[in-house]
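Heads up, there are several structures right after this.
Next come two complexes built around chain A: one with chain B, the other with chain C.
This part shows the complex of A and B:
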């Protein structure tokens, strides 16, 4: 029985790993034989069949930047509200939590349509980096908030009692104790949100648009990597090779993001005062 | 202090610091958690500058009792307190009272050493800044000197407080409390998680603090109560009424050598635990 349990556990993990390896291998094998580093620095030509993806990378990073600038303060604020004020405002906290659960189950295409109606049309941002980033922020917010809130809930009870017993105000406690403690979870939440946002296509089609030239400002339309892959595969005959190469860049970008944040987290834990 | 007026001060071998002038007056204090009554109608006077021990078995309401004195009990949502606690004649339940000021005035040292996840010095600096004290560095040094920790930590002030040993952490917590200049210090079994050497250091510290502060200490260690306390209140759980109550309060020497209550006689005599 013990052996069977162990075997099943290994099998599940092995299958998962195999899927990742096969996917990465397929993308890398099909990309590397045509890959040239100029692909990263050139503009796309002929609808993306030729040339590179430089403006696409920049647009993607700008969309991610807008998304993170919104998501971190707003998500952290909401997570703090849910964890720190749940005793005082249980009904409001319950409603917000339910709303987040519903939001996390909404398909991304619906976020795209909503983002289009709110940011592009109602607020007049049009197809732009702003609209794309803000839509992604709304979409990824539940995941970010849940991660940070779970982290805040692991704070030992004494770290809340002691500040109260010293007559520290809530603002000081949140600023000096809770937020520093929650920072690693903010980073983890950020990484998960970036991962989700980088992979997003449907929500961006209706918000940041298709334009594959270099955006001149955040009010310009910009094409994200995932949309570029989708477009080359579905709408551009002969675009498969560059779609594969773009997919490889996207995966490398996800690896780099995860790797960088892992290093940041490890450094943080080494220097961290909380043990 | 006039030792002729208070001969027991000399008799106890205490520093001549206590005044038989009540600092805290507890009047008909009752506490319940939801429907469960914890204690009822407690009346007690705590004298200025003295060390008052609270002894008694577990789960008879000792910690809940001292948590009422700085209103920390209010963090328990189901807690309901009635009666009154007067400090220097003023009710701590007065709606106009600033709760943070009360907790600055009535400091508490918890059972477990609880340094905040900050550096050693920040543990003291943070509350000092919050209460807008000036000369912060001097105050930090003085507080650490008062608890005998300065020489041990003066070169590692910026190191995490959690790097310290259990006894050092507890003294840091005491330093953090006394840095705020409280008038009353509540101690909830401050030595229960410490080894005998650290316990000895903390006891000496309590002895040094006597007179400067009014101290209330909960302890399960009767020998410790005998060593450090001037007065002792014995809490007991009344099985019939299912509530905690003070069955005897008096001078430490009387409680240990000439208790009036039979239960206290058995308890301090080791026949009942």
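This part shows the complex of A and C:
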């Protein structure tokens, strides 16, 4: 029985790993054959079949930037509210938590259409990096809040009791103890949100749009990497090679963000005594 | 330090929000079939007219019609003829696309009649032997609901989608080509330009003759190939100013090489 359990656990993990390896291998093999670094620095030509993806990388990073600027303060605030004020306002906290659960189950195309209706049309932002980033922020907010809140919940009880015994107010406790403690979880939540946002197509096609030229401002439309891949495979005959190359860039980008933040987290853990 | 960082952030956001030099922007939305072509045409036009920016968005032909009606877009892209209740809009046909019936390259059948295709898709003919091919079961590849290629196909053959006995249902042109080229006994239908391009780069495909006409871009041009659709630009009002300028540019001989590059047949 024990061996059976162990075998099944190993099998599941093995299959998962195999899927990832096969996928990454397929993409890398198919794109490295034609890869050239000028692909990263050129403008797309002929519907993306020729040229590179420079403006698309920039647009993607700008969309992610807008998303992060919104998500970090708002998500951290909500997580603090959920964890610190749950005793005083149990009803409100319950409603907010349910709302977040529902939000996290909504398909991304619904966020796309909502973002289009709210940001592009109602608020008049039009197809723009603003609209795309804000839509992504709404979409990945539940994931971010959940991660940060779980983190805050692991704070040992005496960390809250000590400042209380010293007569310090809640603001001081939150600012000097809770938030510094929560920062690594903010980073983890950020990485997860970036991962989800980078992979998003449906929420962006009607918000940040399809324009593959270099954005001149955040009010311009800009095409994200995932949309470029989708369009090249589905609408552009002969676009497959460049779709593979773009997919590789996207995967490398995800690897880089994950790696970078892991390093930041590790140095953080070394420096701090309380963690 | 923190205050300074916040200040820099806000400053950067505000400055980045406003474009450096205000230009007139034309928004175009609609058919995903047309969008890549228009994107290229827009770049060409922008290069010649510095004061104009053209933003091309997608979403499908019906969205193009809706956005133009609501004034969200100045120009719409529609990859079919306008319907009876859309005749209030101004349409400009700039190119034509045809549908090719495709089979695997090794298939010995090279021509089918209208009746035979109807029988295959209804499931009355299920073996290639009846049509003069090998003794193999026919694998019928159909398009998914809502695709304009499907609408055109069933409209032309007088079929209903519910009558079609499909073995495989596919989405886009490229997927159709991948399906048929990897299955020796299949039959499907895709955009002629796409099929011709793939056959020319060595994908094992055969474009069947239809009603005595070979499925070639050439035969769409001279109007003899029967299974075609028009690609349109639409506007709500009579175009004027730079909108008129752009439409004129798309309809001019200057744009033909771009349209051909995307495997469509220019109207001019």
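The rule is short, and it goes like this: the second predicted complex is superposed on the first by the 274 of 275 C-alpha atoms of A that agree within 3 Å, B and C clash if a C-alpha of one lies under 4 Å from a C-alpha of the other, contacts with A are read in each partner's own complex, and residues count from 1 in each chain.
Rule of thumb we're sticking to: a contact is a pair of C-beta atoms (placed from the backbone, for glycine too) under 8 Å apart; a residue touches a chain by one contact, two chains touch by 3 or more.
This one's a predicted model, so the numbers in the text were calculated from it and none came from an experiment.
Judged by the number of chain A residues each one touches, C leads among chain B and chain C.
In the superposition on chain A, A:154 contacts neither chain B nor chain C. In the superposition on chain A, contact is made by A:180 with chain B only, not with chain C. Contacts of A:217 after superposition on the shared chain: chain C is touched, whereas chain B is not. By the touch criterion defined above, A:5 reaches neither chain B nor chain C. The touching residues of chain C, counted against chain A in their complex, run 9, 13, 16-21, 27, 32-33, 35-37, 39-40, 43, 46, 55-59, 72, 171-175, 193-194, 197-198, 201, 261-263. By the touch criterion given at the top, residues 70, 72, 75, 77, 99-104, 107-108, 110, 112, 114, 116-119, 126-127, 130-131, 160-163, 176-177, 180 of chain B touch chain A in their complex.
By the touch rule above, chain A contacts chain C in their complex via residues 45-48, 69, 121, 126-127, 130, 205-206, 209-213, 216-221, 231, 233-240. Looking at the complex, you find that chain A touches chain B at residues 87, 158-159, 161-169, 172, 176-177, 180-181, 272-275.
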